[in-house]
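Each structure below appears as structure tokens.
Two complexes come next, and they have one chain in common, chain A, joined by chain B in the first and chain C in the second.
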Partner chain A sequence: MALFALKRLGSMILVLFAVSVLTFLIFNVLPSGDPAVRMAGKQPTETQIEAIRVEWGFDQPIYVQYEKTMQNMFSGDMISYFNQLNVVEEIWKGVPRTFALAIGAAIIWMAFAIALGVWSAMRAGGVSDGMLNVFALIGISMPVFWLGALMNQYLGFELTQILGFELFPNGGYVEFSVSPFEWFHHLLLPWFALSVLFIGFYSRVLRANILETMDEDYVRTARAKGLSERRVMLSHVLRNSMISVVTLWGLDFAVVVGGGAILTETVFNLQGVGQYAADAIGQLDQPPIMAVTMFGAFFVVFFNALIDIVYAALDPRIRLQDGDTAL
Partner chain B sequence: MIFVRALQNSSIAKLLAVVVLSLGLGTAVAACGSGSDSSSSSSSSNGGTEGGSITISQTSQPDFLDPALSYTVNGWEPMWLVYTPLLTYPHVEGTTGGEVTPGLAEDLPTVSNGGKTYELKLRDGLKYADGQPVVASDFSHTIKRVLNLESGGSFFFENIVGADEYLKAGDPNGEIKGIKTNDKTGEITIDLVGADASFSNILATNFAGLVPGDTPFKNQTENPPSGVGAYTITKSVPNREFVMEKSPNFASFNIPDIPTGHVDKITTKIIKNANQQAQDVLSNKLDYMQDPPPADLKPTVKAQAGDRYGETTTGSTYYFFMNTRVAPFDDAKVREAVNYGIDKPGLARIFAGELAPGCSFLPPGMPGYNEAFDTTDCPYGDPSQPPDLEKAKQLLKEAGADGTKLTVWGNNDDPSDKVTEAYADMLNQIGFDAKPKIIDGGVYFQTIGNQSTKAQTGFANWFQDFPHPLNFSFLVDGDSIQDTNNQNFGNVDNKQLNEEINKLTLETDLPAVADRWEAWDESLVSPPNSYIAPYGHRKLATFVSDRINFDAIVFHPLYNNDYSTFELK
Partner chain C sequence: MSEPLLSVRDLEVSFRTEGGLLQAVDGVSFDLKRGETLSIVGESGCGKSVTAMTLMGLTGGPNARFSGSVKLDGQELLGADDEVMRSIRGDRMSMVFQNPMTSLNPVHRIGNQIVEQIRAHRDVSKKEAMARAVELLDAVGVPDAAQRARSYPHEFSGGMRQRAMIAMALSLEPEILIADEPTTALDVTIQAQILELLKQLNRDFGLTVILITHDLGVVADIADRVAVMYAGRLVETGTLDEIFYDPRHPYSWGLLGSVPRIEGERLARLAQIDGQPPALIDPPPGCRFRERCPHAFGKCGEEPELLSRGETPGHLDRCWLDISERPALRQLPSGLIGLAKPS
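Presenting the complex of A and B:
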């Protein structure tokens, strides 16, 4: 187990290093323009541009710039080119909001996906299965920015106009420490908006997995041994069907936590890490883009490792052997 | 996070129950408005109320909440009320609002030495919002911060003697030879390298808003320094909100032309979603939004809240540049054809009506602006009417340029992309073979401002930094052409026009030379020069909640909506 963890840590560092180099190079190779000129304002003079180049190190070789960027990131001294605010502090400000969105949405989409997936598989070929299939496809096809905008418009705005009180807030975020109820109230729509696509997708994957697993020999054996249908479903079918779903869940959750819910955060004005990334991309502001990319990459790699461990718990055939999974 | 953990441990049924319960509880939440109050208030002279608090919104965080650094309307609009410079502008609409008036200085400057020396004196008894006395050397410190922080506003002050040396030396505490101050008498003398008729306007920019002499040489956005103004920033959480409260001592200074404000507290929230902002203003959850409501919500806004919505034309010009160094725009007849072929009302529709069609380069409100030239007397026909395509086609044929391939440059910032595509269509209609080339907004002006790009034609615009024609003329001044970072995208270089700019640069009495600027503007745009193709001036909106006295709001020609005129009904 220790060797496994060490190997995982090593590969994690390698992946993060590769991501950092790639992101840095992409930003420097693509025609993103001279940051010194952009920082110098509308009517830059050569003296001013030169002073900025020297002060910010843009006159240094690219590998020196990379080294300085990484040093600044890990020492917490990374500064935005656009507004000169500390990037790490700005990301930390957004982390609780992004986590709140990600955790709530992940619970909702997983819970609904399991319920609908199991229901659908148990009634495969029936009317309800067909209807759930259609609903799932609709959910998968709906872009989150569109769904979020509709929710804001009809539930957050027009319904409030009709009722005269706010059943659902029209975007925004309230800190948990300020009011736990308002925190929950303001996150309801974002949670569901973000979950819809995943519910549709996961329920379909789970349905297919369950139907496939139900034909396995060990399921027939379990039934032949006289186990109740409920026990067969929960202990044998569902448990084995969940493996690929858990993999997906881990990776998707990591992406959302790492700032991937850009559209949801923007539509509902949650001002989390994703929205910070969106702003930075719009301004071609390299330091926050680098930092958020690394932040996201860390969570993806971390959750990937975590999933390997969860595999073993879900499937007795899978064991961590010599530091690797046997899958 | 206790709540999250509880949810993690719950079953699906429990989760559903929680959601259903929350919906039920949600019904108990009454619309609580903006959370603002109007306690401890009295009546204003406009019939409104003195005091109270309001909540307003911006779509983007101001680039900086530091007067030395901010160079966006998001920063200038609020900070105008916090950091008063030596000179400023009256808080009134129209051209009067663009006339320089004494701010923290007792009077307008005494200009001598052929327009190269400016002498001013501080008013007596001034104090910052934190109680520190204002001294003359604070002005020197203020300008040093602008230069040392490599602010976008450095350009304006590099004409001060010694500014270039100060910048190159890199020592924040070094001296700027051209600024002499006397803390005992409050006298300030500024020597310039060359005469600049717009220097009083430069002294009135937000960059020159005075800050205490001990303000650090670093970005102060998270802890904005004290200033002298109707309001002071008491809280700043970047990308979330900032709060302005009435300055405790400002009213006692009795500075003419600068109001002391009505509401006690203004909280500005950063809300990225413009739809949400508009809906919140409609339902009175927000009291004002800085950006215009989105185009698709405008009909609703006008129908439901027409009495608290208005649009005002700003000191800006949108135009197409035509590179006179590159074929076919090295031919004046081709440039004239383009001017005839532009569908200005069509372009105004792309701006959702937030563009006043026109053909003057100098914008409304600017000395030298001629309204008739911008409308009925436009040499290419009334800008509010469809274009004269036949004339345009004929001119293009005469120039032998029909069928010429063109690359039309634009950027992906809304509405530049749509405008560029429409412009390319218009060029094709008159006989060109034009294709739009849309690049990222962050690199656009660098790209077309680089001579090696050889950009033929494309999108350009300019919003005034101050209401003086010199703030526009450099965009078409032959002497300002550079190989890189060139702002004269069309490489306009006309001897007579250049000479006139040079002469007018020395004229400090702007109203006296307004007619010369008018003639310069007309010569620039009209045949046979037709150097650029202006098509209009941007309008901005004023949209407030039902709680605000809309009629009392002043839309300033430079700083837009004046928060010091916001008052509760």
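Presenting the complex of A and C:
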């Protein structure tokens, strides 16, 4: 187990290194990516640009620049080329917002996916199953920026006009410390907007898994033991059907927590890490993009490792061994 | 004569399929006395497993249709309330399945799977139930039972898993144990051990057993009575001796003739029954075995009833052949089918 953890840590570091190098290199081959030109303002002279290059070290060999960038990132001295603000501080500002969005949404989409997946599987082939299938497809097909915009317009804005009070606020974020209720209130729409796609997708995957598991011999055994249908479902069918869904959940949660919900955060103006990333991309601002990418990549590799551990807990046939193979 | 423990009358099970109505079990009747071991034999698809599953109330699905009667100690089970069936399953009647490799849930510990069954029927603490589980595992010959109760199924060998399945099935001292091909997936030495265990349970605790199998060797080893099933119907029933020494139905001859024998001349090729059983969707009228029977004649277009046709009242068969001609017909060049009656 100790060796497993060590190996896992090693591969995590390797992946993060590769991600950082790739992101860095992409910037250096990007057209109009030259930060000196962009920083020099409108109609700069060649000497001005050259001065900026020297000052910021853009004239150095690329591996020196990479080293410097990484050093700044980890020491917290990284500065945006666009507005000269400290990148790490800006990310920290967005973290509570992004976490609030990610954790709430992940709970919502998992709860709804389990409920709808089980409901669908129990009524497979029936009318309600067919309707849920259609809804799931619609949910999966709706782009989140469009859905979010609709929610904002109709639930956030027009409904407020009709009702005369704010049932749902029209975007924005309120700190938990300011008002827990308003915090929750403002996150409701973003949570659901982000969850719709995942609910549709997960409930379908879970439904298929449940139907497959219900045909297993051990489920027949469970019934033959005289267990209640509820107990058969929870302890024998659902438990075994959840394994692959938990994997998906871990990875998707990692992406959202790492600032991947760029569209949701932007549409609802939550000003989290994702929105910060969106702004940085719009400005082709290399340091924040580097930092946000690393931030996201960290969560992805971290949750990947975590899932392996959860896997072993869910399925005793998989044991984390000191060798590199499971089973 | 005491009342039979289990009484099955005209049991019919059919499934609505896309091709039409599939009559899987067609008018099966038998009685089972307390402490008796009944073996239901027949080839794959003859309806023996469906019969067993129906007794347990496990033949489900919106497409299944049932008729007839299944009475346990006078209580009607067919069409009984789900809750009633649930309380009987695993408690008064339990079942051991064919494939021990897949019949235990891979994610739960063996001991817990037994505890779960005990606690589904009895109001006992987890600790008491676990003590009982360990006792049971020990009784069915799982070595180091207290330790092994904490193992997962994949840590058990096939034979050990089947022992665990049997321990689980016996956990509430059921009146009837239904074993559906319990040894088919195991290798021969383990088969013998499992059969020995079943015999011992039958002998020591008076356990009533329904054994479903296609293996006549297993039948000879363990059964008191035998029911031969073909294409959803019983074609012959009788005591073990009656079926082995005096088989009456040509299908039974075929089954017995296909078993390799140690004594006598060795054949280059084992006897086989040519052809396939009829489709169970719209089967042709008359005797179901007619198409494959070397002795079929005009009368076989009519359905023969399951009757006693000889001097022994309990030995029933479903064949039109004259009873006095049958011994001659089961004579093959290599010898008599079935066993010669010991003198």
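Worth pointing out:
In this text, the second predicted complex is superposed on the first by the 322 of 327 C-alpha atoms of A that agree within 3 Å, B and C clash if a C-alpha of one lies under 4 Å from a C-alpha of the other, contacts with A are read in each partner's own complex, and residues count from 1 in each chain.
Please note the rule applied: contacts are C-beta pairs under 8 Å (C-beta built on N, C-alpha and C of every residue); 3 or more make two chains touch, one makes a residue touch a chain.
What you are looking at is a predicted structure, and each value in this text was computed from that prediction instead of being measured.
Per the definitions stated earlier, placing chain B and chain C onto a shared chain A by superposition produces no clash, and the two fit side by side. In the superposition on chain A, contact is made by A:235 with chain C only, not with chain B. Of the two partner chains, chain C is the only one touched by A:226; chain B is not. More residues of chain A are touched by B (comparison of chain B with chain C).
Of the two partner chains, neither chain B nor chain C is touched by A:28. Within the superposed three-chain model, A:284 lies in touch with chain B and out of touch with chain C [touch as defined at top].
In the superposed pair of complexes, A:216 makes contact with chain C only, with no contact to chain B.
With both structures placed on the common chain, the touch criterion links A:115 to chain B but leaves chain C unconnected.
Panel annotation: after superposition on the shared chain A, the angle at the CA centre of chain A between chain B and chain C (CA centres) reads 160 degrees, nearest 10. Taken over all C-alpha pairs, chain B and chain C come no nearer than 23 Å in the superposed arrangement. Put simply, chain C touches chain A in their complex at residues 56, 58, 82, 86-91, 94-95, 97, 99, 102-108, 116-117, 120-121, 152, 154, 165, 168. Residues of chain A that touch chain C in their complex: 216-218, 220-229, 231, 235-236, 239-240, 314-317. Partner chain A is touched in their complex by these residues of chain B: 1, 3-4, 7-8, 12, 15, 19, 22-23, 25-27, 29-32, 60-61, 63-64, 69, 71, 150-155, 158, 164, 167-168, 170, 219, 221-222, 238-240, 270-273, 275-276, 279-280, 283, 285, 439-440, 442-443, 446-447, 465, 474, 485, 487. Across the complex, chain B is touched by residues 31-34, 37-45, 47-49, 51-52, 55, 82-85, 90, 93, 100, 103-104, 107-108, 111-112, 114-115, 149, 152-153, 156-157, 160-161, 163-168, 170-172, 176, 180-181, 183-185, 188, 266-269, 271, 275-276, 279, 283-284 of chain A.
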